[in-house]
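One structure, as structure tokens, below. Some questions next.
In this document, chain identifiers A, B and C correspond to the written order of the chains, with residue numbering beginning at 1 in each.
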């Protein structure tokens, strides 16, 4: 069996006596789709930021795409793409300049071809010379996907990617995800229980920084999961 | 609070036990210095200690200056303020290395005490400039660099209140306090670097001070050091206990 | 299609980031235009402030100070802007996701801030002369003032880049930048004013000018180095 794409070993994030994450461990096989659920302040975003190398855990080991983040964060960064509710695009540059910028920073050799290809994939070729400021929310989010996948990362992190998208944009977004899903591992933080559950192959529930439940989807159906979620999470938080 | 944190930042123990006597002895020493300054230390004629002074466009060399007594408090308070800010810089570096929130807490407490001493220095120093030099303020290197330091210590607290997220606040405060600290040695050594400055150089072997002047000065210096230490330990203890209470509350909530 | 990734050199990444800032500025011109307009308005205010000074007044003695006051306030405005658009859509985070050394981000930003400030200074300097100095004759040594100007701008851009990184993610960022920035650049300001005044109004060029410029260079070295070292912490927080 292949090495797990994401591996957490007793990961904690503490500041003072406030635990954002407390001894979270899990293993995620390559090619799977993990959805992280939990109420506000459960540590979902913290976990995602740790996986994205934007935050460092206080203790514990994190491995992404077989690379320990502590050993070589830069090597791991080459394998990580992040799509968040922030587009991370410069509103005053045009679509192509934005992608070119990131292509150069990542050091993609066939930059122009790759940028063209990604613009095609997200159906924005016709708007390539327009500034991102003129884009609708849905178009911006599509371009953000292109940006995140530009360097062909193995692990794609999604931080509440649906926020602010209208239903049509959500559809396009879903089909795009479906198209790039092959051979990649996804980790998504979502507030939408049903949507997150539909997409995932594994589900993780966090509450107050601790792992409440972690299961593969085959083991549980949605209703049972929702019941479990409300039971476990409802207890500790309300 | 984890076990390791309690070990690294103990409450009680020798350091805290010493805090109370330190504060007491410090208070006694400064009181003694106050008495000595007015009784034992010989009155200074003019500004003879530091040569001749130009006051209000007049050369004054023979007037008995009572205001010279300010010196016995001004200089020790200034030295202690720099020592305390050195503590801030030390804890800031420790924080950036370990990301331990309690180091940031200690850095903050040091800066708080630093602020008290810095303000005392500014007030006593300004009285000095008024009565000894005859002006309220001069843009002279020592005064200017110390004014900058004062402003930056105040800015440190403004920065802290402007950031909500605790870890980010701690990081920013540490980074800023390290930049701020650059000014401390500059301010300390500037009277040596630019000798034309009117501010006297005190810390030198041939300071020209008689033993009767040295006695109150030393009493005051050690007194203020002890007071600063006592204040620091008391503040740290209060804050650490408050944190522990918070942690206990959280545990009870679960 | 396969993606061939060859990790670019640090210098190449620096150039890419710098080019991004220039590209953006070229498109929007928001930093340059706002700084230039602001600087011009300060000149107009100076006009009112000096209107009652009469002909006996030696403007040359004051011109160095006024010029540097103008530069400091204008640069505050620009520095505030330089990071606001990086935070707007989380762009800075996007940059941090890329495998690159954090100090490259600092150097690129400091360079672009330096270039923009310099551009504004080049526009403002002749205007300043035009409004205030045509009635007198500056010393023939005046071109030497470009040295403190260059050194001062480097320092302002360096320390300003670190501080504006910190203040963009705080409340009341505009005021806070001023509160942190002005005491910190004071020594630099002091040195640059004395160096500029000496070459414009005359005086001990050998001594004062050289010492002031040396002081400014020393300040630059210490501050830019320290900012560079501490930048990783500030930008990752």
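We adopt the following convention: a residue touches a chain if its C-beta (ideal position, glycine included) is under 8 Å from a C-beta of that chain, and two chains touch if they have at least 3 such contacts.
It should be emphasised that the depicted structure is a prediction, and the values quoted were computed from it without experimental measurement.
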Higher number of C-beta pairs in contact (B-C or A-C) found for A-C
Using C-alpha atoms only, the most centrally placed chain is C
Distance in whole angstrom between the CA centres of chain A and chain B is 49
Between chain B and chain C, the Cα-mean centres are separated in Å by 33
Rounded to the nearest Å, the gap between Cα centres of chain A and chain C is 38
Going by residue number, chain B touches two or more other chains at 167
Touching chain C in the complex, chain A uses residues 52-54, 73-75, 77-78, 80-82, 84, 86-93, 97, 101-102, 104-110, 113-114, 117, 131, 147, 150-152
In the complex, the residues of chain A that touch chain B are 14-18, 56, 58, 236
Within their complex, chain C touches chain A through residues 1-8, 12-13, 16-17, 20, 23-24, 27-28, 85, 88-91, 93-100, 236
Interface with chain C, chain B side, in the complex: residues 96, 144-145, 148, 151-152, 155, 158-159, 162-164, 167-168, 171-172, 174-176, 178-180, 182, 186
Listed in rising order, the residues of chain B that touch chain A in the complex are 1-2, 5, 99, 101-102, 166-167, 170, 243, 246-247, 250, 254
